[in-house]
Amino acid sequence: MTKIGIVGASGYSGSELLRFLVNHPGGFNVALATSETYAGQHVDRVLPHLRGFIDLVFEPLDILSLKERVDIVVLAVPHKVAMTFAPHIIKQGLRVVDFSADYRLYNAETYQDWYDVAHSSAELIQNAVYGLPERYREKIRDAQLVANPGCYPTSAILASMPLLNNRLVELDSIIVDSKSGISGAGPKPKDTTHFPNRESNLVAYNIGKHRHTPEIEQEMSAVAGETVTVTFTPHLVPMTRGILSTVYARLKQPLDSERLLEEYRTFYNDEPFIRVLDDDEYPQTKSVLGSNFCDIGLAVDKRTQRVVVMAAIDNLGKGAAGAAVQNLNLMFDCNETDGLITPGLMP
Amino acid sequence: MTKIGIVGASGYSGSELLRFLVNHPGGFNVALATSETYAGQHVDRVLPHLRGFIDLVFEPLDILSLKERVDIVVLAVPHKVAMTFAPHIIKQGLRVVDFSADYRLYNAETYQDWYDVAHSSAELIQNAVYGLPERYREKIRDAQLVANPGCYPTSAILASMPLLNNRLVELDSIIVDSKSGISGAGPKPKDTTHFPNRESNLVAYNIGKHRHTPEIEQEMSAVAGETVTVTFTPHLVPMTRGILSTVYARLKQPLDSERLLEEYRTFYNDEPFIRVLDDDEYPQTKSVLGSNFCDIGLAVDKRTQRVVVMAAIDNLGKGAAGAAVQNLNLMFDCNETDGLITPGLMP
Amino acid sequence: MTKIGIVGASGYSGSELLRFLVNHPGGFNVALATSETYAGQHVDRVLPHLRGFIDLVFEPLDILSLKERVDIVVLAVPHKVAMTFAPHIIKQGLRVVDFSADYRLYNAETYQDWYDVAHSSAELIQNAVYGLPERYREKIRDAQLVANPGCYPTSAILASMPLLNNRLVELDSIIVDSKSGISGAGPKPKDTTHFPNRESNLVAYNIGKHRHTPEIEQEMSAVAGETVTVTFTPHLVPMTRGILSTVYARLKQPLDSERLLEEYRTFYNDEPFIRVLDDDEYPQTKSVLGSNFCDIGLAVDKRTQRVVVMAAIDNLGKGAAGAAVQNLNLMFDCNETDGLITPGLMP
Amino acid sequence: MTKIGIVGASGYSGSELLRFLVNHPGGFNVALATSETYAGQHVDRVLPHLRGFIDLVFEPLDILSLKERVDIVVLAVPHKVAMTFAPHIIKQGLRVVDFSADYRLYNAETYQDWYDVAHSSAELIQNAVYGLPERYREKIRDAQLVANPGCYPTSAILASMPLLNNRLVELDSIIVDSKSGISGAGPKPKDTTHFPNRESNLVAYNIGKHRHTPEIEQEMSAVAGETVTVTFTPHLVPMTRGILSTVYARLKQPLDSERLLEEYRTFYNDEPFIRVLDDDEYPQTKSVLGSNFCDIGLAVDKRTQRVVVMAAIDNLGKGAAGAAVQNLNLMFDCNETDGLITPGLMP
């Protein structure tokens, strides 16, 4: 039994991880759940959907004694915080899955440019593996530090990997227009998450400056083998969960949608969580609600020779906690799909 | 392996049953899924969340040859239709779980009064067991025909059983004010389910004449051992799933909420799917979203000596397909909780 | 031109009052809008829907110099705060419309019981008129201090006045089950208003202890000429605006819905903002969205001899700012309907 | 008093026009409202928000006698139907405002290509003026037949006119990614508008083949003075009203957002319904809910030298009925803003 400690377990990524692990067939045991806000309270009173499933009390973090309690630590804390925790944990010989952005960028300067702060444990970056199994499966198995991907990047990268890998599109033509539910902003109430501000409302934000941009570009570039720069526009739509990313790119040569779908099916042939849809079928976020699936569909606009690829994920599922379970499964020799073979909740 | 046939499997109750069975640890195999609308189409193309989970094609119903295909039939068709199917199925020696209202009322005249049609197979009513395990667990095990309870009745009956059983309230004082998501109306588009009519909108319907009323009264009366008549008001709220029933009753004598909760805890002590909340904790539908749980909380209004009990269920979960799985587990000697130990999807 | 000062104009009641006044045909001029949070910012930058409509900058409150700026003050601040402001304003000879609860209850002890604080300006209560024109129209015209009614009470009282006035129901049988959008909680983000907590979710709150209870009882008692005690249960539904109150009462003698509707039509015959619906027609909140209307419908449950009356309002319209405009019109000899003859926004 | 006849007045565009006209200060009188579905029923029973505002009964269409009843006909019927009605109406000497797409395209062949049917009254196209006052104000005044613009095109064209007019972007680089509430699909229930299919869900549709594409291209080309081809992707988001169009284009030369906003402010300087936002301010659909405004904001992604322009409208307001009122005002010498100076409904 691998003992898991979740640091920041009352946040949305952390609590969703708890929910996924409840359904896990075995191998993992959540031995520690920390929360500064709810320290001393029963997990299943704070998270009423988990009532009866978890017999744990939230504890404050005692970072130096984690080794005595757990075998692996999942950091579900904000960026900038994670990079102050990770070194202490790794020093104890524990492995880490980090939900934050702190170890996703291979270049500490890029981190500083986008996150407005110097990286405080840049030396660990080389130990980190970007936790996208569809790309780094083997490295993840042995990684000491897994940087769980961002939600938007997961959708954007999965949507475009076959195009980039097979050099089908012009690299300077890529636009990622993403639409997201609000749960990505976390459980702490703020203006942006205030119900009357989001209900029946639609707005873009952080155009050209969202911090997921360099992450998208880093991985797209790695797949393409060449620097890729994208325009990334996130939007907030009135729903709690779900991201739909619509990716635009100019085809190098005319290809029809059936042919492109064939490329996608081949590329993702062995992937258990990527579902390439049929021609004329478009992904919808509800199909993957609460799940670890990523549904991908596409269309070709022949008149402009652009391909439009859409990827739908649950930002808390494949976009966070589902991916983390997939990574944990890889890291601890479980079946990669353990605890994740659950369909979306529809309707 | 028990082979299940689902008649009307493309409706919401039917498809939700498919979703639950996908998570079932074993014992059941969906061998047949019928749909007139989608006959010939792959189940997982019609129900995109199930993509990759089910390798079946919807078939038209061939009622006389069910015996050759399945061991048990789940009828997920509307009332009035179910009672024309059930006799043929039972004649073949097959057991039936019926989602419709056709075999829920013990009295064929009551059925006629509320459903405006004579019961066409009244002789089967005596074979039927009302499929509420919390009340008829043992009878369900051996039942030939299980009448799966209505969604509103499930919430109202579970909310009031301890009060009635222990004779704590005045029987003529009971009011059930229910609020429901719209999925209970099924997948067929109509004015009531039209998005612009429901979004940001709130309305009551069928006051004093909703067909779940006699079902609520029948079971409340059975528990109380005396005729109970209630006022039942259903409302539509802008969400897809979830029912919250607020039940009002006058206490015979002053009792505080802590004491009443103790009665509830005792009464439901061994029930795996009833979660009695703490004092000052009120059930919310999201806690049980997609699950088979029923969360119950209560408050006492001392000034009026009324108790207000709230029960939250997912109308497609404990209010339909979840209950059906629970019943199937009982009927076929599985663990009663198999396939159902899944928390709600929150946030 | 009457100069209006709105204290707390960036809150929802205050900003909705601004929106209504923009549509007012004349007579009023908003000369001052205060906001501590947004002091120094342009009103139409903080409230983007009003862009281009209002050329004012939010100012901090300078309570002692209001007289120099305005003719009437609308207090759109929380209870407990309002009662510290009102005396200073009234001392300057200014009239006041108060959105808070501080002057709604005639009895300072009742106030203290429900609001957990002694009333700090109880001497003003006698100057106050409860601002429900349907009941106190003439008194409002000359009032120095109008206590604008609460949103839930407005719906509950309007729903039941004809029943109480005509002594048609048993007074100890009244239950008010209200369902509300979340905007009543104001613009300040908190757990309750956090989008993921409200979307697709349904919950009751403050049963038997919501502070609108004594207000409902006070006015129901006044109409009945006898003490009325009610059970009041508010619920939060996933929408921004709108209240639907479902009021239950036992009829003293059998009456059918058509007859009862006739009583309602007669009672509200001259009321410009009460719309009594037809038999078998139930009010929906969207019909009154953004408006000052209150739609009322009813049904009789003959089996239990209960009447079920439903009233729908926009909590920010007839439940707050619309009512305030109606009161201002009365106080300053405008047509009572000026600025308010606008239909709801549907679909 | 100009007598208006609305053909198809029970649809969303038609009923929204009724709502706008109710607020109109004068000049227009709705003398006829036709509806095949609701013929014989009172308008304000079918449209409950209008209760008390309109004393009309829906009538079946008697197209040959319109002249006796009205001065101007608004066609609020689907495309393909409108072009069979318009010739009869124009023959009677009546002017027409047409909500459908039938007279928006100057080229009957383009119409046939996109609408899969030959234009049955192509001879009228030359009489038609595209009803976008921001571009064709003067022509509209005297037009016999005004083709009211589509909702998506209104947002896309208004978002890009200054860029095109001033030749600031590369014409082959334009992508329009639009997100819309569902009310554009009309009041007739269908799978797409079924609440459970839209709530908490997000999906694209008709990529590269939506019929608004040639309309967008026609007007963009006209402004640019050169053929413009765009990729247009519409999405459905879980809300009833509102369109946000995000338009991407490559800048010919580096320009910052403040400079571009200045171009927009200059271009739209005299426009009463275009609100150009400040730098770093992004339009949201709720700001224009129920109104005739179009809010426009933009950002420059310097790294890719793309401009991202966003335009928010209410699809039933500026995207349909509001625009129609604006056109009617122009056609009948009212103030262009009559009946339209109403802010959006927020929150």
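We just call them A, B, C and D in the order they show up, numbering each chain from 1.
By definition in this document, a contact is a pair of C-beta atoms (placed from the backbone, for glycine too) under 8 Å apart; a residue touches a chain by one contact, two chains touch by 3 or more.
Given the structure is predicted, the values throughout are model-derived calculations rather than measurements.
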Query = What shortest step count links chain B and chain C in the network of chain contacts?
reply = 1
Inquiry  = Which chain has its C-alpha centroid farthest away from the centroid of chain C?
reply    = A
Key: Chain pair with more C-beta contacts, A-D versus A-B   = A-D
Intercentroid distance (Cα basis), chain B paired with chain A, Å = 36
Task = Using mean C-alpha positions as chain centres, tell me how far chain B is from chain D in Å, no decimals.
result = 45
Query = Where the CA atoms of chain A average out and where those of chain D average out, how many Å apart are those spots?
reply = 39
Query = Among the residues of chain D, which are close enough to touch at least two other chains?
reply = 12, 183, 187, 196-197, 199-200, 238-241, 284, 286, 289, 347
Key: Chain-level touch network, classified as line, ring, star, complete or other   = complete
Key: Footprint of chain A on chain D - complex, ascending   = 172, 175, 177, 179, 181, 196-197, 199-205, 207-208, 229-231, 233, 235, 237-242, 244, 246, 248, 282-286, 289, 299-304, 306, 308, 310, 312, 347
Inquiry  = Which residues of chain A touch chain B once you look at their complex with the stated criterion?
reply    = 12, 15, 19, 22-23, 45, 47-53, 183, 187, 199-200, 240-241, 275, 277-278, 281, 284, 286-291, 295, 341-347
Message = Which stretch or stretches of chain D touch chain B in the complex?
response = 12, 182-183, 187, 189-191, 193-200, 238-240
